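Got a structure here, written out as structure tokens. Questions coming.
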Amino acid sequence: MSDLPATEVGPSRYGAGDERGAFNEATPEVAVRAARLVRSGRVFDLSHVIDRSIPAFPGRTFKQVLSTTAHQLNRRRPDAGRRGWGENDVNWIVEQVEATQQMGTHVDALNHLQVGNQVYNGWTIDEIVEEHGTNRLGVDTLPQLVTRGVLVDVAKFKGVRHLAAGEVIEPGCVEEILDCHGVRVRPGDVLLFHTGWGGLWSDADAYLSGEPGPGMAMVEWLVESRVSLVGCDTWSFGPVPAENPARPFEVPQTLNVRHGIVVAENLYLGELADAAVTDFMFVLSHARLRGATGAWVAPLAIV
Amino acid sequence: MSDLPATEVGPSRYGAGDERGAFNEATPEVAVRAARLVRSGRVFDLSHVIDRSIPAFPGRTFKQVLSTTAHQLNRRRPDAGRRGWGENDVNWIVEQVEATQQMGTHVDALNHLQVGNQVYNGWTIDEIVEEHGTNRLGVDTLPQLVTRGVLVDVAKFKGVRHLAAGEVIEPGCVEEILDCHGVRVRPGDVLLFHTGWGGLWSDADAYLSGEPGPGMAMVEWLVESRVSLVGCDTWSFGPVPAENPARPFEVPQTLNVRHGIVVAENLYLGELADAAVTDFMFVLSHARLRGATGAWVAPLAIV
Amino acid sequence: MSDLPATEVGPSRYGAGDERGAFNEATPEVAVRAARLVRSGRVFDLSHVIDRSIPAFPGRTFKQVLSTTAHQLNRRRPDAGRRGWGENDVNWIVEQVEATQQMGTHVDALNHLQVGNQVYNGWTIDEIVEEHGTNRLGVDTLPQLVTRGVLVDVAKFKGVRHLAAGEVIEPGCVEEILDCHGVRVRPGDVLLFHTGWGGLWSDADAYLSGEPGPGMAMVEWLVESRVSLVGCDTWSFGPVPAENPARPFEVPQTLNVRHGIVVAENLYLGELADAAVTDFMFVLSHARLRGATGAWVAPLAIV
Amino acid sequence: MSDLPATEVGPSRYGAGDERGAFNEATPEVAVRAARLVRSGRVFDLSHVIDRSIPAFPGRTFKQVLSTTAHQLNRRRPDAGRRGWGENDVNWIVEQVEATQQMGTHVDALNHLQVGNQVYNGWTIDEIVEEHGTNRLGVDTLPQLVTRGVLVDVAKFKGVRHLAAGEVIEPGCVEEILDCHGVRVRPGDVLLFHTGWGGLWSDADAYLSGEPGPGMAMVEWLVESRVSLVGCDTWSFGPVPAENPARPFEVPQTLNVRHGIVVAENLYLGELADAAVTDFMFVLSHARLRGATGAWVAPLAIV
């Protein structure tokens, strides 16, 4: 897919200065067609709840602390009520969160992964790093996404509860599943792979012990299909251990850095798979933290 | 609207044990009708970018720190490449965020505001408080929202750049605007009020000096209309200073605690108002931080 | 020791408005005498290293993230050198820490513990709570401490590696140990109890499973002795389970709230005990975080 | 002082693998002599209180949030009292802090500053960086310091409230001051420079606008004098703007990286200077955060 040496990242198909990557594929026409898929109005929330106990990549943590001190402060205001501020006794509580966006159900930004020192479109880390994040390709530069989603239920196809760690999802299998459903992938589509691995979510050690996922042949297939986003019910995207153990995380790295396709991780796809939904309106909106490497999200499948 | 004494919160219209509030109004039928409003496929992002410089309620802060140390660590792995991990030289960067969810464009959860010691449906703070958040009514219990949005452009109607701080939006005015557009509010609708105040966003002192907003008469109107959510281009919802200065923040307090209607704050409505959009498919999805008092969001208006 | 009902905290022996507690006992004269104990110049560091793996009270965590981004930023300055800022290629790195001061080797402040709603000298939580901490009795109001330290090696006296969880240290035992060493406790002294429990430090589960410590009779003894501070090689101070299981943490609560005697926790006393040191110059200095409930410290024993 | 090219850091005088730097100079003998300086028992706290309003280097912040939720949790325990846990109604409060150690009165560790990519003793950032901090030269590897402190009151000598920003303290001036007091600097001494700049502490903009300090000639003098630590009542150490504007922060960089002499910053020296103290017992103890680049401290001068 690239004749450039391993550490050279060439210009993107979306232009040398592009910061939107494959989200460019999700045109207004794509959004219009997606909205037409809404028939019953059922909304599937593809996210897990986030708290300190969820599975996390080594070194990543989530901490949340609640503060109710406004209750004391409001009762000490000059115009305090008996039980709060004012005659209406208003009070509030506030949490403080300390965490990386690389936790729970989240979408990666185009700055998260690198080949050596280079990110998408060839910028180097040295060029884009700031104290708070990056000055390019942060999640704030990623558009909001309204498009068609397609569920590829590999676990069901293979008749297993979940694929095995390191098991590779190949294009042949995916094509067979899509044919079976009469779905033809179009530019701008989001492809979500149900491997069943997400069923291990509540057992962090098992969940993090590895993962199945699309392999390098699927990368080529996805790029040619011009999808706008991919996602999986796993903590990364692509098999772990990798197809070639000497090339770790090459699937998301290649998608993200060389092709501008970001991935959504830790998706909750069980309910969608149980409902045997194949294609749907897909909406992914994210808070725009300047320069962040991702965003906690709740992607929606609307049918 | 309530004959109960100021500090007694009665059971909700949605049931005594309900934790979804007015989001109950957003039924599947409502979602189906909303999707039919998508004609051009244009997606309006109603959020502001979040960084440490944005306007914030006193004491609330946003801090983000980037870490690129994986670059060093990956090059020291036993199977490291020359510039990263593996032959594919993979690397990554990660930010760490420290902030409350009560920052930037966010949706409040039903646990955020109280009358004295009571939240929605009469639970007391003493009952629901945990170290990390609350065990009821956290933002994780709030469903994802797909419904119709209605923009009420009060600034345009009044012919001003922005309403004044403390200026009250009254039902008569809102009805006139809606009549003008031929829009009739239905159960489950989201009402967004464009006051123009959001144009002050980049001047934090001015933005935080007060705000215009719907008054207590509008609260009654909104409750009777059975809206699912309300929002404004201001840092809270409702006039500041309040209509009755002895009753601060009574508008969002009454909506949230007594009627289960949460508010979306710090909305970016300028572009939507400029486009003269009146009604649209509205999608609000939020990451589900367990027990948190809100969530940073990017609400979408799709037309 | 107190005839007041359980929830009433009377005025302190140091005055009704006092915020220094038993640190008042550490007079300049006491410091002068302490300095005379320095003969060999050996300095014992009584602290453990703090990192995310250390034993912690449920819900408390320590997180530290390193940022090296100044390296990139410095090389992009207009007057950058080839490898840093300026011709001298200066660079720096900075960590970000997220933690409570109630971790690792730390000293509690007089605001940390309460009887019901009351802290030392009878102030209520409602009076002193602010968003950031307390407006009275924060660790910033605690003086720096230079006095004599006395090591009471209970483990050695009992001939055990460590006392058992819940084992109570009684005055008779302490007096016998002191007699044996010819040490008579004087006002302003710091008493450090070596139980051997600190030897479990590297096994967090074992360390946190309980602890031995001075019981309620010792509390009375310590108050009468007018010590300035007490400490132990355990995560709290006093036996866990408590002597009277219906009265948890009554030892530190009584010392702190009723008598103004704060405690130093998680002390590393192994080396001092091995050296058979009995009395020494004791210096405890702490960063003064406004309103905080304690401070990470490295108390020193200088002989 | 070094014939090596600007970016090569040679082995330290304390040995190629040393991680203690000039703290090696503070021998037990030095501590014994220091203790003999204690005559009145007065303890000077050389630290400022830390809160979110203190002067900070660009991008560095201090945030502290108080949580009182244990009050609610304790009253909900099965064995709760009426107002807390147990018959003794015990309760507690806890803060959560988010900050770098590079704030307020702090001591730098030997890993904080670099020449290009190299720290003290020639290790490179690439070798020592971990996610949490560094695996060498973190503040946890710095011993606790008990030695003699010498106050050099340059402001008094020059008859000014404070020296000017960028004003250079030269060896001749320092020698004259020391001669005047009959103090001869000995190996292991700590030299604290009172410039009066600390009087601007409460005006963050003024305080951060620059600073006076020892220049490069003083660096050589300090190294030859074999001091164990230096400090100033300024936010860094050394004149800002620098003597040679093309060589920013060269004074602390040279001391730290090439000579293993760390600096204490933001010292509060006003009271010590007012008391006209010239030499004293100096104790600097710091919490040992693994791999951190410094530590908040309260250095003590005991006379």
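Here are some notes:
By letter and in written order, the chains are A, B, C and D; residue numbering begins at 1 in each of them.
Simple rule for what comes next: a residue touches a chain if its C-beta (ideal position, glycine included) is under 8 Å from a C-beta of that chain, and two chains touch if they have at least 3 such contacts.
Keep in mind that what you see is a predicted model, and the values were worked out from it rather than measured.
The chain pair from A-C, A-D or B-C that repeats the B-D interface, sharing more than half of its contact pairs by residue number, is A-C.
At the chain A-chain B interface, residue numbers used by both copies make up over half of all numbers present, so the two copies contact each other through mostly the same positions.
A separation of 45 Å divides the Cα centre of chain A from that of chain C. Put simply, the C-alpha centre of chain C and that of chain D have 23 angstrom between them.
Of all residues in chain B, those touching 2 or more other chains are 65-69, 72, 96, 98, 125, 129-132, listed in ascending order. Viewed as a network of touching protein chains, the structure reduces to a complete graph with every chain in contact with every other. Remark: chain D residues 6-7, 27-32, 35-36, 38-43, 45, 47-52, 60, 64-66, 68, 71, 79, 81-102, 104-106, 111-117, 125, 129-134, 140, 143-144, 146, 244, 246-250, 253-254, 281, 283-293, 295-300, 302 touch chain C in the complex.
The touching residues of chain B, when paired with chain D in their complex, are 61, 63, 67, 69-70, 72-73, 75-76, 98, 125-127, 129-131. Interface residues of chain C facing chain B in the complex, by the touch rule stated above, are 59, 65-69, 72, 96, 98, 131-132.
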